[in-house]
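What follows is a pair of complexes built around subunit A, which joins subunit B in one and subunit C in the other.
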Partner chain A sequence: MAALTPGFRARRRAPGDRLPPGQFTTEGFPVLSAGPTPVVGTDRWELTLTTETGDRRSWTWSRLMALPQDDLTTDLHCVTRWSKFDTRWGGVSLDVLLEGVDTHATYAWIESYGGYTTNLPLADLRDGKAWIAHTYDGRPLPAEHGGPARLLVPHLYLWKSAKWISGIQLRLTDQQGFWESLGYHDYGDPWREQRTWGD
Partner chain B sequence: MPVQDGNALAGPLSEVFAVEVTSAWRLCPGCGTDSTVGALRVYTMGTAAVARCPHCGEIAFRLARHAETLWLDFGGGGALRIPVTG
Partner chain C sequence: MSGWTVARLVARTKESDTARTLHLQVPGWPGHLAGQHIDVRLTADDGYQAVRSYSLSAPADGDQVAISVQPAPYGEVSPYLVEEFPEGADIEVRGPLGGWFVWRPDRTEPVLLVAGGSGVAPLVAMLRARLALPDGPAFRLVYSLRRPQERWFGDSLDALDGRSDVAVDYAYTREAAPGATRPVGRVRQEDLLIDGFTPAQRPLCFVCGPTAFVEHCADILVALGHRPDRVRTERFG
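And now, the complex of A and B:
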């Protein structure tokens, strides 16, 4: 457990520059988890969205698949310093799930099968920036990478893209999730190198 | 992903404890399994680690090393029993 390399500072993003500061590229797809991989069959998978007033809407697997689907290609950036370019995903935009939801919330609290949690501003789930991803590289998302479905918020460090997502709570106040409460940054912008509380 | 045992945490824990913690015992509040810290299952993310009960997977403790700060969270993970000289 070596200490992180100190000394990196945010820098202006040059046109065409795809590698955030302090990152290196990898061709592989490392697997990092905070616990054992939960086995969640699509027959019992469910995603629940709860507003700050307690209103709930939920999607079974078949309901999720019946929604409009997106294909996207994006870069991933992990706080452990690897970045992977041009990953191909399929999933449902959060804009679709949030359409018509009556809320004044400004934060989202994400829950996963297996107990993982994370938090982020609700604005970061809107406007084509986040998906419930179920397909990777043209195939069903493997369990080790968060299948059957994970949150995908590629503009933030990957710990925000919660594997095995089970719930989204819309909240008026912020609350730190699993890694955020252990010193990781509350927001996690890779381009500003927001890795830990002090960044 | 490769899972390590608690002995992998001997280094960072030695920065906190004056005794060898990997030989301390922990009675899991979740399932009652008694195991040494060295026998816990450890999942790592960079310089952070999560130590879990080898039987039920309940979190025993979490630690993270961020630059000059070591974070250690026992939460509701149960007490450690550390033999000391009487």
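And now, the complex of A and C:
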């Protein structure tokens, strides 16, 4: 066997316990989307939560903004291998939206304006792990990053944090979303490098 | 192949003054679709590893694949791949990856490719996959770049001269080629309104380049009337 990448040296070694395996840090904020950026005005924005029995609750923009708000600072990990540390967000915890919802569901199916979908266990939306984020770095979330509002589930790879979120369906069975049906992992834990099918 | 495998650099060819194509031999390569990418993993003497993704810029040639790399200033990986990684040495690769930004040779509708800078790599892979067919749909590449000497894949693109079914238009943003009639500047609506590739003909559109470029061009395509689900995008930077 020949030498493996002889002469290659580290130039940006990151703090060991903050960077998941196979990732590198970026100072920018790359955009990864499968299609054009949909334009959704806050005047017609609505988020709908539907349970497995068909019970629905929905929030207009003004109702969302009237809910208790969180500020958080978190690290982001994209399956395309960039990680960004200390991103600052504002939004509403999913615990607030799910409070009092009567459900036996174990999965959540996420839908977005523009047609994007993703899936994850409902448990990953609970207990302070997920938000509907509308503010980034103190400013309204730009459309190319998912504005006016996106799901933010920072403990999973970023494709789970659906941009332009429009709906959450609580389900008894799992169904693969957009990237999940195109070869990406069903769960997507960056610390276990669950990037693609078979990981 | 889902795990890492060792590949060998068999040749490095020049695309521009700074960019290079790396031709890698990957034993057991299963083949790939145009538009897919691979991960490459580099290992330093002390065991440190870095992984990056690169689009494959050509259809597979047996067990050989090609990636095309623009060295990023102060980059950790790309300057090494372009300037230092020796021919005959090994590197680990994983792939092929990606199932959305791909062109399958059984598709029959016209294909409009819109490239910004090094975003041309996966689009030229699609164009080359089309050229490998004896017959197939019309292809048009709109290639936005700053100046003529930054053009990649010049020989392949020049070989299209005289063809009408597969063709390329250049949109220079800073300095035009001698004899070019299009005014210098960013891509405009009229650059993407092309006979044979209008919304009525329902082409499949692929847009790849820096984020701002992709946002701009995808917005134009949607404004022209292309259905958003017919516009596939890949952004970097």
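The rule we apply is simple: the second predicted complex is superposed on the first by the 183 of 199 C-alpha atoms of A that agree within 3 Å, B and C clash if a C-alpha of one lies under 4 Å from a C-alpha of the other, contacts with A are read in each partner's own complex, and residues count from 1 in each chain.
In this section, a contact is a pair of C-beta atoms (placed from the backbone, for glycine too) under 8 Å apart; a residue touches a chain by one contact, two chains touch by 3 or more.
It should be emphasised that the depicted structure is a prediction, and the values quoted were computed from it without experimental measurement.
K.L.:
So, A:144: does it touch subunit B (first), subunit C (second), both, or neither?
P.N.:
Once the two structures are laid over each other on A, A:144 reaches both partners.
K.L.:
Tell me which partner touches more residues of subunit A in the superposed arrangement, subunit B or subunit C.
P.N.:
So, of the two partners, C touches more residues of subunit A.
K.L.:
Give one of first, second, both or neither to describe whether A:121 is in contact with subunit B, with subunit C, with both, or with none.
P.N.:
A:121 contacts neither subunit B nor subunit C.
K.L.:
Just checking: does A:35 make contact with subunit B only, subunit C only, both, or neither of them? Give me first, second, both or neither.
P.N.:
Once the two structures are laid over each other on A, A:35 reaches both partners.
K.L.:
Of the partners subunit B and subunit C, which touch A:159 in the superposed model: first, second, both, neither?
P.N.:
A:159: touches subunit B, not subunit C.
K.L.:
Per the contact definition in the header, classify A:22: touching subunit B only (first), subunit C only (second), both, or neither.
P.N.:
second
K.L.:
Identify the partner contact of A:81: answer first if only subunit B is touched, second if only subunit C is, both if each is, neither if none is.
P.N.:
both
K.L.:
Residues on subunit A in contact with subunit B in one complex and with subunit C in the other?
P.N.:
Shared contact residues on subunit A: 1-4, 6, 31-36, 80-81, 144, 179, 182-183, 196-198.
K.L.:
How about subunit B: which of its residues touch subunit A in the complex?
P.N.:
1, 3, 9, 11-12, 41, 43-50, 52, 57, 59, 62-69, 71, 73
K.L.:
Report the residues of subunit C in contact with subunit A in the complex, numbered from low to high.
P.N.:
2, 6, 8, 39, 42-46, 48, 50-53, 74-76, 80, 84-86, 88-92, 97-101, 211, 214-215, 218-219, 221-222, 228-229, 231-233, 235-237
K.L.:
Help me check something: in the complex, which residues belonging to subunit A touch subunit B?
P.N.:
Listed in rising order, the residues are 1-4, 6, 31-36, 79-81, 144, 159, 179, 181-184, 195-198.
K.L.:
Which part of subunit A faces subunit C closely enough to touch in the complex?
P.N.:
My answer: residues 1-13, 22-24, 28, 30-38, 80-81, 114-115, 144, 178-179, 182-183, 196-199.
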